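Okay, so chain A shows up in both of these, paired with chain B first and chain C after.
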Partner chain A sequence: MKAWLPLLLRLALVVLLVAFVTSPGWFEPLLKPLTENNAPVIYNQGSLLTLTLLHLRTVLIATVAATIVAVALAILVTRPAGAEFLPLSRSLVNIGQTFPPVAVLALAVPAVGFGEKPTLIALFLYGLLPIFENALTGLTTLPANVVEAARGAGMTGWQRLTKVELPLSAPIILGGIRLSVVISLATATIGSTVAAKTLGEVIIAGLLSNNLAFILQGGLIVAALAVLIYDGLSAVERYAARRMGREAE
Partner chain B sequence: MIEIEGITKRYDATTVVDDVSMIIEPRTIAVIVGTSGSGKTTLLRMINRLVEPTSGIIKLDGADNRSVPGYELRRSIGYAIQGHGLFPHRTVAQNIATVPVLLGWDKDRIKARVDELMTLYQLDPREFGPRYPHELSGGQQQRVGVARALAAEPNVLLMDEPFGALDPIIRTKAQEDLLAIQKRFGTTIILVTHDMEEAVHMGDKIAVMDAGKLVQYAKPAEILANPASSFVETLVGASERPFRLLSLGRVRDAVENGAAEGEAIPGDASQRDALAELLWSGRPALPVKGADGKPLGRVTVDGLVKRAARPA
Partner chain C sequence: MNIRFDKLGVVIAAIAAYAAFLAPFATFRANRIVPGQARSILEALPATAGPLLLAIVVVAALVALFRTALVLRLAASVVALAALALLVGVAGTFLTSAGNTFARVSPASGFWILIFVFTLLLADVLTRLNLSPWARVGVLAAVAAAIGLLLVSGAWNDLSILKEYANRADSFWAEGSKHVTLALGSLLAAVVVGLPLGILCHRVERLRAGVLNVLNIIQTIPSIALFGLLIAPLGWIAAHVPGAAALGIRGIGTAPAFVALFLYSLLPVVANTVVGLAGVPRAANDAARGMGMTDRQRLFGVEFPLAFPVILTGIRIVLVQNIGLATIAALIGGGGFGVFVFQGVGQTAMDLVLLGAVPTVALAFAAAIILDAVIEMTATKRRVETA
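And then the complex of A and B:
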């Protein structure tokens, strides 16, 4: 009975989320008390479903790009030839993290204009660090005798990387991607300040018109997405860890 | 045949292996013994070029080991290490197939070879093949590690303390298995250990290393009888010498004419085991039987004691 409960809760959350973004009208009575002066209860300047999908797309593109760059960088600096770039790449990625996303948006808008592009740049820079740090940890903490055995068996550098090192560090790298995705899901909302189509639009509209119902529905959708995606990626991570013989802690 | 000629390895100012020369005959087992830091592992790793020597040449069957790229060389040489180093994300069968896959053998040949090795190591291919390394016991993991090293039918097998992580009972079994397999495949084995007992038991020849130098390279009996230096003598252990000498001989070589009472000891048993049995049971003599169960004669305490004495 107890084992069913978390699964049931998640399922309920998925159903609720899908119902809300596809037919928000059903939930009007619930949110009604939060509005004043007969203001609209459900966001009426665009479909919630479209905004949710666009929000997810923005996060997906930024995360995929950040993953490719961060993992490539981590691979590069853990090869003997690239070892001297390790401190440099670490500080570069750290700078990406210390820049507030709002500042990145402010700087990127004059360069690339309004819309999705500055948001993507901010999310990309922001997502690099967790993935890079985790990839670095994964690639540098491999069991020494396994790596030794791979060399001793006559694998080339590339074969060791693709057949042993990356598969074995996959669970840890996935952990970095999970962190990065969750940060990006939340951070993407501010993209709407520079006219990116994300769920931030709903929150900002609510703030501007003093409409608590708008703020709440935008925030709740983002929160539900974050919880579900975090959960899903955790499960993938645990599966990968078991598969790679590294028991998940 | 492996010829090591004037091999030296220096890291900055420290010389780890200092001008070592030795020849390892084909189809024999050479054991390199030494304390930790003696350079024995580095010497081993220079044979398959996991470490590149500072100077000197190593020839395998007459060919310089630098005549092919390192990874190709290593595919042709078996390599087994302490703690086995199995790939945790691959099944037992996939682990054993590592080198054959790298060499591009076809599927049927790989499967046949994996099954052969697993059967040889008393692991049912159908039961253990699909398992992952963490599902095996320590002894089984070690056997898979050696099976992986032997998979591509190498002429040479390098072993770095392969039995180091095993408990004494499994260890003895693993040593016997290795001796049997060495006889079967005729593999030339170079084994690194810090355990003189293991060296005397396994080695056709023993190389003793100390502080990067090869101190003595000789047959076990020679090392026991005439240690080249006080270091070798310490390593052998003065109080253990007579027993180690006996452990080299088989009972059948010490048989005398006559009969004795009691349970017979097999002719293949070591003379050390025979002496232990005699001392423990308090008898002056034991009957000896051949492999077919026929009596061969007897061994006596006096006879064995004479054999344990320092050779002239």
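And then the complex of A and C:
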């Protein structure tokens, strides 16, 4: 019984989430006690489904861009030609992490204007760090005998990279992507302070009109998305790790 | 003759050339919200200072471009950064006509890019020098002192960010102390609660997965939502628990921000305590048991000191994260530097945004460097002791 309980809970969460964003009206009685003075219970300035999809799209675009750049950088600094950049790129990654998301958002506005773009920039920058860190760990902790064997088999540098090093690092890189996605899902809500169309819009509308129901529904949708995506990516990671015979981090 | 290029130097020199000759050095605006006009280095500075700055930038870029001694690279980056910092203030005075209180001069992209590339050069040199933890803190203190000196001397007084500051000097320090109180106070509370909780999770295995799962789920709630959700329960407590309101507990303001930061801080503290304690070598524990140490003696005398660097890493994550997150407290009336950021975004006054963002970044940056140094010191001390 224990084996299928977590799966059942996740399925229930998926069903609840889909039901909530497609027909939020069903849940009105549940949230009703949280509002005062007959304020609207369900966010009424846009559809929750559209906002959820836009939120996911923003996170997806930023994560894909961050993954490509971070993995390419990690590959570059672990080749002999780029080894000079390794220590510096490590310190840069550390420094980058200290920039607060709000500051990045606000400072990106004069350069690219209000809306989705500053949010994408902030999410991209934040997404880079965990992926880069993990890709670096993955590529620098490969079992030496495997790399030696690949070299001995006469593989070229490119073949070693694509057939040995990257597949072996895949589980660890996926771990970085997972962290990055969860951070981005939450950070994207802050993007609505600079007029990005994300679920943050619902939360901010709630803060401005003192409507607890809005804050709760916006927050819960994001949290449910994060939990589900985190679990899904963890499963993919375990699968990849089993195939590669490496422990997932 | 064999001329060897430095790979990073090629990148630095190319970007520096673009920033110095093509990008604007300063922006001039007739008042604080109209669009600005770009000014190059030669236009923004008096007749001698402009060419001087260009010469310094070119020489420093050449030092970076070729493989040169580390000391020379260090000197080049420091001189270039100092010249940029001093002369941007001169540009402010030069572009503002005397007595004009509306005009705003702010550093433009060229200035920021030059600062970035020479900081990159400096960071590269410092990384290669492999400084000891104390030396790194020393460098940080020296940089902070230099910036403080420039601020006090009034060299930057004609720059727009300081004009914004001059208009709100009192509230700047008030919000600043609120920001630091929020970030440090919630960290302290998280350590007081998180350490025992982490020890408990380490000792009682059944508790571990449950506690860590709950804390993980809290992390997934977006910060602005968590801030908002705490308004209701704290408002209720303030209204119904005698004495709570007198303690400063209110529905909006600092209290929900404090509780939210505290909740976010718990996971890194608890998780790192558990990981740290789990990493204590079995042999050390067995030896302590064999010597007849009690559980409590073992915890404080053996396990805790050995796990300390890992726990400190959790504290570093929390502190840097809290300094950044505290900016969001402004959305629910909790104060902090975020007040200026959000006001600035609302008025599209970027100087005001900078007034909030720059000190936040500086604080987070300083906290990261200091705690990294402390972590390294405790970790090496431990290695020496156990070796």
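Following the convention adopted for this analysis, the second predicted complex is superposed on the first by the 246 of 249 C-alpha atoms of A that agree within 3 Å, B and C clash if a C-alpha of one lies under 4 Å from a C-alpha of the other, contacts with A are read in each partner's own complex, and residues count from 1 in each chain.
To be clear about the criterion, a contact is a pair of C-beta atoms (placed from the backbone, for glycine too) under 8 Å apart; a residue touches a chain by one contact, two chains touch by 3 or more.
These figures come from a predicted structure and were not determined experimentally.
A.B. asks: Looking at the overlay on chain A, is there a clash between chain B and chain C, or do the two fit?
C.D. replies: These partners fit in the superposed model.
A.B. asks: If you tally the residues of chain A touched by each partner, is the higher count for chain B or for chain C?
C.D. replies: Tallying touched residues of chain A, the top partner is C.
A.B. asks: Looking at the overlay, does A:243 come into contact with chain B only (first), chain C only (second), both, or neither?
C.D. replies: A:243 contacts chain B only, not chain C.
A.B. asks: Which partner does A:159 reach: the first (chain B), the second (chain C), both, or neither?
C.D. replies: In the superposition, A:159 contacts chain B only.
A.B. asks: Return first, second, both or neither, reflecting whether A:38 touches chain B, chain C, both chains, or no partner chain.
C.D. replies: A:38 contacts neither chain B nor chain C.
A.B. asks: Would you check which partner chain A:151 touches, where first means chain B only, second means chain C only, and both and neither mean what they say?
C.D. replies: First partner only, chain B.
A.B. asks: Once the structures are superposed on A, label A:106 by its partner contacts, choosing first (chain B), second (chain C), both or neither.
C.D. replies: second
A.B. asks: Counting only touches as set out at the top, which of chain B and chain C does A:167 meet: first, second, both, neither?
C.D. replies: first
A.B. asks: Of the partners chain B and chain C, which touch A:91 in the superposed model: first, second, both, neither?
C.D. replies: So A:91 only meets chain C here.
A.B. asks: Quick one: angle from chain B through chain A to chain C, Cα centres, nearest 10°?
C.D. replies: Placing chain A at the corner, the angle measures out to 100 degrees.
A.B. asks: So if I take every C-alpha atom in chain B and every one in chain C after superposing, what is the smallest distance between them in Å?
C.D. replies: Closest C-alpha pair between chain B and chain C: 21 Å.
A.B. asks: Give the list of chain C residues in touch with chain A in this complex.
C.D. replies: 7-8, 120, 123-124, 127-128, 217, 219-229, 231-232, 320, 323-325, 327-328, 331-332, 338, 341-342, 344-345, 348, 350, 353-354, 356-357, 360-361, 364-365, 367-368, 372
A.B. asks: Can you list the residues on chain A that touch chain B in the complex?
C.D. replies: Listed in rising order, the residues of chain A that touch chain B are 143, 145-146, 148-156, 159, 164, 167-168, 243-246.
A.B. asks: For chain B, which residues are in contact with chain A within the complex?
C.D. replies: 48, 50, 71-76, 79, 81-89, 98-99, 102, 132-134, 145, 148, 158
A.B. asks: What does chain A use to touch chain C in their complex?
C.D. replies: The touching residues are 34, 82, 84-85, 87-88, 90-92, 94-95, 97-103, 106-107, 109-110, 182, 185-187, 189-190, 193-194, 199-200, 203-204, 206-207, 212, 215-216, 218-219, 222-223, 226-227, 230.
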